[in-house]
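Note that chain A is present in both complexes that follow, paired respectively with chain B and with chain C.
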Partner chain A sequence: MTLKADVKLDAKGLVCPMPIIKTKKAMIDVNEGQILEVQATDKGSIADLKAWAESMGHQYIGSTEEDGVLHHYIRKSGDDIGLEKNFKNTIANEEIIDRAVNGGIILDVREEAEYAFGHIAGSLSIPIGELEERLEELDREKEIYVICRTGTRSDLAARKLSEKGFKKVFNVLPGISYWHGDLSKKI
Partner chain B sequence: MSNKVAIIASNGGLFDAYKVFNIATAAAATEKEVAIFFTFEGLNLIHKQAMHQLPMPAGREHFAEGFAKANVPSIPQLVEMAQEMGVKFIGCQMTMDVMGLAKEDFIDGIEVGGAVTFLEFAKDAAPTLTF
Partner chain C sequence: MAFIKMTAAQVARKVIENQKLFILDVRNRDAYEDWKIEGHNFDYLNVPYFDLLDGVEEILAKLPTDRDVLVVCAKEGSSLMIAEMISEEGRDVFYLEGGMDSWSSYLEPIKVGNLTGGGELYQFVRLGKGCLSYMVISEGEAAIVDAVRFTDVFINFAKEKNVEIKYVFDTHLHADHISGGRQLAQATGAAYYLPPKDAEEVVFDYTPLEDGLIVKIGASQIEVDALYSPGHTIGSTSFIVDRKYLLTGDILFIDSIGRPDLAGLAEDWVGDLRKTLYRRYRELTEDLIVLPAHFMIIDELNEDGTVAKSLGDLFLENHGLNIHDEDEFRHIVTDNLPPQPNSYQQIRQVNMGKINPSNDEQTEMEIGPNRCAVR
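Then we have the complex of A and B:
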């Protein structure tokens, strides 16, 4: 399956260090928070791209393999931990599963690829960039627990929902990066 | 953590060249500040003519096929990429004098210096690698 990426790089047929060099160059045209997909056939690129992303402060999301081609997903400068959060109504990671059982919605506003590589079972995926045009998918009567990786995007999304008249909105902190339970995959 | 990688290239074979330039370009792609000090036979790697025909180790000539099959970039290509990404090349003045070579015998954009030039760069580099 193909996951949504903002920029795609074809590094097929190239060997080390070329996939890394091409990735470095391609990343220049990727905006902060966007996703770069690197297609490669070099098996070493799995470990290399992961290490490269970590060293550069980007978020390595994951890799898939299809017909001998590796698809690596990296989110640019994904490290937004510690940014100021403004939305007052927050809820802890540990509480949302029990609360959602009583009819709440866990809304995951990360990008599709991030969701695919690990999400809370039963959560709804609407990337933050699509939130405004997909509001009708949300039930205004239900409690909505907005979650992302570190609580920054979900803070923004929670504020947006609140502006649009949603009354029972919570920002989930600290977010998926500190999730201790199981995560489901969709790849 | 140090943001510098210092490399000493002191051998002039094709395998040596790949070790040097693969590490150098990978480090540069990870936004490290990279300098390579070319000394003795390592000078071959940036010599205008020699860099195009670096020898394989004796008895390993059959690897040529493997290089072609794996679509490995050529040394001149890697050199160009390294320079594009800001890798600093320092030619060893003393060795050049011994070998009767001048700065013009080498690719453009190199610096020429002595051991201290390299040591000054390498003093706070991690890692420092020798090939």
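Then we have the complex of A and C:
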């Protein structure tokens, strides 16, 4: 499974503390909201990268292992909880499953890697950066519940859809980070 | 100022001699909270190395100047980096050679006592993991009980003592650490004994360790008597050495008792555990010195570093031997047990010979504290 990353770092063969030191340096050139993939072979990097990312306010999305190589996915400054949300038409996490049964679309605008490590079964993945060019995948007649991790990106996406003439758009709050139901890893 | 290497052996001396030491543990918080170097007079500060990459100024004031400061990490690399940064700020500091990996594997041999006719009994204390192995020496021969996987230590010690390792025993199929018994027997030509009831799935040859077996070490009177004492596992067997010492394996510890659940059969084995602790051991003389296969906390160490106490004292002081109500006993040893040891199922597979992980993989499996007891 190869997941999309904006920046890749090869830290294979390096032992502690080098994977973290390299990651810290690499992170300087990553834009906020972008995904850094760190490839490492040091098993200790799993716990350490997660703890480091959290202490720095980055979002540690998850890791996969393939042929002894760990692929870590980290989103820069992922902690955007509490930022202002402007889109007025909102809906609560708890309501969307029932509403979607009647023909609505749950649109997940997080990055591909975030979606891969846990999403609502049956939801559609279009990362916010690709939304504009993929509008034709969305049915304008249906209700669209836009969700992300904390409601900030989905707020932006909902406004964009609204500007493009979508009428039945909702921003889902508080978002996946407060999702109490099951999350799927199937993609 | 200098940053200087400290070996696991030097740290072990500080533990046993109750010396002071200040440990700056730079592993992540979860790893530190799960398992650390324990000492009576040790103080600690845990700051992950990745929080110190921009400098150590913030913690300098917290590092004492009246005792040694030792920087510890998992494998050495990070502690070396942080120690160098601290020394650049003008402070003398030590780092742990080989990190927690080497701490986990270090064995300190300590003499427990003399045996009839000039024999000796040694306890090998694995401080980092709480494992205890034993060597009985008499007239040029040796028997080893519950050897951990660092077989060189026993082989070299036997050479030093000029004795031949003739017998290797495991009191039971271990679930918390990888046994060195089979490898040690292969390397020395000794017979490897396992309780057959624990060995139904093993894929190698062994000599059955049966109740009542008597093995004589050397030409004279040193006897090692096997005593079937199930409960931690269905095969668990104790040894009485020279009618003086009771090697209890993982059935009875100094401040706790064995847990019956590590093979997934707690309900079946709890009755055996009860019978061993409350009947079979009760029939033994209270003067026997109990030598378990583990300790859990540093307070179980005696002043000389050994882990040993008379059976009579344990009948008085060990909570697990003083639960008179059988239902309550059943409840305590089967419900609300502490978490199981790291990788315990894989470790059992290794000890049965079913899988053969590399040395690094074995180290990884054994990371963390042992958790064989119920208090």
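Following the convention adopted for this analysis, the second predicted complex is superposed on the first by the 185 of 187 C-alpha atoms of A that agree within 3 Å, B and C clash if a C-alpha of one lies under 4 Å from a C-alpha of the other, contacts with A are read in each partner's own complex, and residues count from 1 in each chain.
Assume contacts are C-beta pairs under 8 Å (C-beta built on N, C-alpha and C of every residue); 3 or more make two chains touch, one makes a residue touch a chain.
All figures in this text were calculated on a predicted structure; none of them were measured in a lab.
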Sticking to the clash and touch definitions up top, decide whether chain B and chain C on chain A clash or fit. clash
Regarding the shared-chain residue A:K24, is it in contact with chain B (first), chain C (second), both, or neither? both
Mind working out whether A:A47 is in touch with chain B, chain C, both or neither, as first, second, both or neither? second
Of the two partner chains, chain B (first) and chain C (second), which one does A:L124 touch, if any: first, second, both, or neither? neither
First (chain B), second (chain C), both or neither: which does A:L173 touch? neither
Quick one: classify A:G13 as touching chain B (first), chain C (second), both or neither. first
Now for A:L135: first (chain B), second (chain C), both, or neither, which partner does it touch? neither
Taking the options 9-17, 45-53 or 243-251, which segment of chain C carries the C-alpha atoms that clash with chain B in the overlay? 45-53
Footprint overlap on chain A, comparing chain B with chain C: 15-18, 20-21, 24, 48, 52, 55
Chain A-facing residues of chain C, complex: 28-31, 48-51, 53, 73-75, 77-78, 81, 364
Which positions of chain A touch chain C when the two form their complex? 15-18, 20-21, 24, 43-44, 47-48, 51-52, 55
With touch defined as at the start, can you tell me which chain B residues reach chain A in the complex? 22, 25-26, 29-31, 70-73, 81, 85
How about chain A: which of its residues touch chain B in the complex? 13-18, 20-21, 23-24, 48, 52, 55-56
